[in-house]
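In what comes next, chain A is part of two complexes: it sits with chain B in the first one and with chain C in the second one.
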Partner chain A sequence: MISSDYITKLLHKASVAPISLEEEGHLGLVLRIEVDDLLATFKALRSSFEQLIDLLGADLLERDNSIEITYRLRSLGENDDLVIKVKLAPGATLPSVTDSYLSALLPEREACEMFGLKLSGHPNPKYLLLSEGIPPMLLKSVPIRSHEEAQAAELPSDDLSLQMLNDLNERGIEPPEDPDDPLQNYLFAGWLSPEPPEGPLVPRNIRRVSDNPEALATDHYLLQMGPQHPSTHGVLNVACEMDGETIISSEVHVGNLHRGIEKLAENRRYNQLATLVDRGDYVGGCNTELAVALSVEQLAGIEVPERASWIRVMMAEINRLASHYIWFGPSGLDSGAMGIFLFCLYDRELWLDVLEEITGQRMMFNYVRPGGVVADITPRSIAMIEDILKIADSRLDEHYEALMASEIYQQRACGVGVVSKEDALSLGATGFVARASGVDWDLRRDRPYAAYDKMDFDVMVADTGDIWARMVCRLDEMRQSLRIIRQCLDGMPKGDFTAKLPRVLRVPEGECYVPVESTRGEMGVHIYSDGTDKPYRMRYRPPTLYSLMTADLTLPGLFLADAIVTLGSFDFCFGEIDR
Partner chain B sequence: MNPWLVALLRALLILLVMLLNGAMAIYMLRKVLGHAHLRLGPTELGPAGLAQLLADIVKLLVKEDRHPNRSDRWLYIIAPFIVFVPSFMTFAFIPFSNKLVAANPDLSLLMMLAFMSIPPLGIFAAGWASRSKFATIGAVRAVGGMITYEIPLLLSALPPVMLAGSMNLQAIVVSQSTSIWYVLPCLPSFIMFLICAQMETSQTPFDMTEADQELVAGFATEYSAMRFGFMYLAEFAENFVMAALAVTLFLGGWTLPGISAAALGPFAVLVFVAKCYILIFLFMMIRGTYSRYRVDHYMEVGWKRLLPISVVWIMVFAAALRVIAMLKGGA
Partner chain C sequence: MALDSVVGENSIVFLKSEQFFDWARGRSLWYMAFGIACCSLEGLIAAAGPRFDFDRHGIFYRGVPRHSDVMIVAGTVNRKMAVIVKRLYEMMPEPRYVISMGACANAGGPFREYPNVVTGVDKIIPVDIYIPGCPPRPESVQYGFLQLRKKINDEAKARLDK
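Presenting the complex of A and B:
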């Protein structure tokens, strides 16, 4: 535990005067500071807290005419979190903390565009999920509109090339030589900062010549990978500056799958939230549902029956397996091995059948709800699981043989796409990405939720941080999942599968954050409750948004072919990144 | 008979063989890969999904043939034929049996390899003319690949020539029927030839030019309809030609050990085709199993492994031949 005295001492050394520093309900220790002190505070706390876990905004204009930005710092050694809150006037400028924590790179952009703030000191302050001209949609004053209503209101066109030309006109820049070239559109996608920075990360017309004296004196060119590229695993767009086949610099662009889940959540009752997060991480639904359920239960003080917790753990692990299969197979496919892809789909089908038997759905389960789960497990589903468990371990060995034992694959995976431990920490990587880089951290073990404290499993940590390490870590995770499922079947307690709850669940006023170890890392749900039956604000921490930054950092210097395998090894889920 | 008519008939026959091979190879690829992947391949149209082929050809024929806006129009149009025609011509030199060979010049092996080296130029033209970055990368890889595998390919085809004392494919087959299949004395050459054949036909693990996962569809990214179909027909033709060449040089061509050409009679063609498809089956299994080499590893395999090994092996082989001949002469 990190004591408040220690933090006070640190702040005093940096001559920062906090507004308050005290335990606040479910949030734990909360430090409230002035915006002007933000950078100094982060600098002072950097050495004690390794990770900036998440950053979110909330519209408190009605309460005290401010936008509240919440940062969550984590010390892994002490296993403790510190919440930092600052309040900004509407439309004010948020200083970027990227100098202290790189993991703020993308979330800061998101928070600012969603709440109409400006961003200063950020290396690339562009819109992240929205297009320029879309109103800051998480403000309470911005209503949810249908497509027809939005058209009637004549919102600015979503057409990027039009925006590009408008932007050029406004900034008095000559149009590019090649106005048809869609490759340049993104460069003018709109700035969040008060003044646009001097040079974007990838220059407008690349005419750079390689610095390397041994290389051919060729111009660099811009290669847009995605969003329709077959191997970016979703609607990711990576703008790569290429020298021949080598990537010199890269920039990721997301937001093509943005559906405003967080905005929609403010108009759903608490027991309806699961449908929304299912459509976020659409392959690991049970885990995200669990995070929502746990956070609502924590706020409402609901006692969950023992059996429900065990069922939740079992379902989370079955879903983890199903999700990992759809990652392991395509990881092989990225390197050109077609067989392993279909072998893994075969295994995934087995688990999907189990999920279908229990929840009635193959993907959007809507199964884990506040209070427990929707339906009890049936004897037939237990028989199905036992049948699969008989072959699952040896099938995993076969998958290893089919892909990872191949020397060609080892050439492709070993020592490629290396993420150092420092980078993994500062970029907020969690889950297997962090564990593959030597960060010994697993929420299931270090902060057990549901019934994980009664399970016996190991956490694999590798130290090389390359693609191979990530593959090995996750393959072991799959074995551990099988172990946990076996324990669940053996020790499943008797009792109710759900608690008795009123039909309309009203949650007392408060705020909480509950993370779970989802299939891709730390998936956390931060809920502001105002005492009604709907959340005032729901923030959903997408683990792959942070691993996306990590991936972006590893791309420069790689071959195009390696970049594909590297991106695949991070297992992005764009439903979750774009929300 | 009019010699022109004969030549025309021969050409048509070759075209028929090539088309049949294309159809056969597509069906086989789907079924072999399907079963290798725990699935079934086409099953719905016709018996065992055979009519799927017709459906595919009809689909290719009726699809829109589109051109990228600022492509190099003429090069874009003729590139598929630069790929298609030479692979078609190589069929002329394949000895299907002791009588069935469309053209039988003295240097038929050399002619065949010469024609085989033209398609990469067509691939480069296609990629270049498409004016797409992915296609251009694929095109550049095709040229880089060609200079990588061409020399080891030629060198690994030489030992059978030394043994037979002829560059005529028919003569090489005949001399194998009187001695042994050359795969035994030239096993390293055979293995190298198979690797180079995989590179030449650009199949996984050496499919640098297409590399779906990296380059979308490589040089063929912008092609559609029958132009796309022609490129793939040419690829399957090359597959067959490389298998046929391996069979001819190393596996006794249309002969079977212990059975004379007269006894084999018309079955010689079947023997030859069966041998070819067994090799193609092997290629397809490799294609369905392995990962792809990275482009620099591919170059390494070519320049740092295959080239030195094939040069040294040729020298050792030639010296050994000479020594054996001297010993025989001495005795």
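Presenting the complex of A and C:
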């Protein structure tokens, strides 16, 4: 535990006077500071907290005429979090903390565009998710559409889209000439800073070639990879500056799947949230539902029956397996191995049958709800799981033989796409990306939720941080999932599968953050409740947004063919990156 | 349909070239590997997998729009993506077909209230087949493809009868 005295001492040394520093409800230790002290505070706390886990804004204009930005810092050694809150006037400028924590690169842009703030000191202050003509969506004053308005909505004309396409070829290299012109800014979509920054627009830490033309052997060219590319695993767009086959600099563009899950969540009841977040992380839905359910339960003080917790753990692990198969197979496909893709899909269908038997759906389960789960597990599903468990371990050995035992694959994977431990920590990587780089951290073990404290499993940590390490870590995760499912079947307690709850769930006023170890890393749900039956604000921490920044850092210097294998090994899910 | 069973073995068949091309076209519908969101797991990935095996109908994925006959719009299209969807459609060689898969591509789905979302991909490009569901099962997509094949044959017939 990190004591408040220790933090006060650190702040005193940096001559920062906090507004308050105290335990606040479910959030734990909260430090409130003025905006002017923000950078000094982060500098002072940097050495004690390794990671900036998340950054979110909230519109408190009605309450105290301010936009509240919340930072969550984590000390892995002490296993403790510190929440830092600053309040800004509407339209004010947020100083960027990327000098202290690189993981703020993308989330800061998102927070500023969503709440209409300006951003200063950021190396690349573009809009992240929204496109032209869309107001800051998460402000409470901006309404969503009614059903009739949605049906009547029209798109910009064809001419407009043609001009936008021309602009598409330009982006990533040159800033638009006129930042106020919406046509030029279609994909830049304007600037968050008052003025476009000087110099080339590349993310920090990315090497830029010298300006001396004699030093260059070939002309550089811009290669747009994606959004339609079979190996980007979704609608990722990477603008790569290429020198022959080698990537010199790169920049990721996201937002092609932005569909307002956080905004729509403010208009859904607590019971209905699972429907939205399922479509966020669409490969591992049960884990996300679990994060939402746990946070609502924490706020409302709901006691979950023992059996429900065990079923939740079992379903989360089955879903983790199904999700990992959809990563393991295609990552073989990325490196040219077709067979493993079909093997993995075969195994995935077996687990999907189980999920379908229990939840009624192959995807989008809507199964884990506040209070428990929707339906009990059936005897038939138990028999199905038993059957699969008999062969699953040896099937994993076969998959290993089919892909990873091949020397060709090993040459592609070993020593390629290396993420150092410092980068992984500083960029906020969690889950298997961090573990492959030597960060010994698993929320299931270190902060057990549901019934994970009763399970016996190991956490695999590698230290090389390359593609091979990520493959090995995740393959071991699959074996551990099988172990956990076996324990769940053996030790499943009797009892109810859900708590008795009122039909309309009202949650007392408050704020909480509950993380779970989803299939791709730390998936956290931060809810502001105002005492009604709908959340005032729901933030959903996307683990792959942070691993996307990590991946972006590894690309320069790689061959294009290796870059595809590297991107595949991070297992992005664009539903959750763009939300 | 095997021709042998209709006309007998070792027969010589005379037909208009256009008729032959339309027959062949309906039996090798290659779709573009272009998954936008959740639906792509069911309609593109599971479809290519061993359980559903669309390959036996001559339906398989290609990585490039230039090689594809069918575009499955599998997911929510937003304002940013609309430009790219339109561009990809224009890159496909004719005759080209579009399958709008799932509630989002049909009409915006659960996200239609959000102003960034395009309510229906048919506002950008012409759509041949709509598949309902959120997400539709691979069987539905298979049925959609069979309907598309029927549509191609019917259109050919109507053109020849004229």
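Here, the second predicted complex is superposed on the first by the 517 of 579 C-alpha atoms of A that agree within 3 Å, B and C clash if a C-alpha of one lies under 4 Å from a C-alpha of the other, contacts with A are read in each partner's own complex, and residues count from 1 in each chain.
Operating definition for what follows: contacts are C-beta pairs under 8 Å (C-beta built on N, C-alpha and C of every residue); 3 or more make two chains touch, one makes a residue touch a chain.
Predicted, not measured: the structure shown is a model, and the values here were computed from it.
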Touching partner for A:Glu245 - first (chain B), second (chain C), both, neither: first
Touched partner set for A:Pro227, first chain B, second chain C, both or neither: second
Touched partner set for A:Gly332, first chain B, second chain C, both or neither: first
Partner chain(s) touched by A:Tyr346 [first = chain B, second = chain C, both, neither]: both
First (chain B), second (chain C), both or neither touched by A:Tyr400: neither
In the superposition, chain B vs chain C on chain A residues touched: C
Footprint overlap on chain A, comparing chain B with chain C: 229-230, 342, 346
Chain C-touching residues of chain A, taken from the complex the two chains share: 130-134, 137, 144-147, 150-151, 153-156, 161, 164-165, 168, 186-187, 227-230, 234-235, 255-261, 263-264, 267, 275-276, 279, 282-283, 326, 330, 342, 345-346, 348-349, 362-364, 574-575
Residues of chain A touching chain B in the complex: 180, 221, 223, 229-231, 245, 332-339, 341-343, 346, 402-403, 406, 408-409, 411-412, 559-562, 564
Contact footprint of chain A on chain B as seen in their complex: 33, 36-39, 69, 133-134, 137, 204-205, 207, 211-216, 287-297
Chain A-touching residues of chain C, taken from the complex the two chains share: 32-38, 41-42, 45-46, 48-51, 61, 63, 65, 75-76, 78-84, 86-88, 104, 107-108, 110-119, 123-124, 134-135, 137
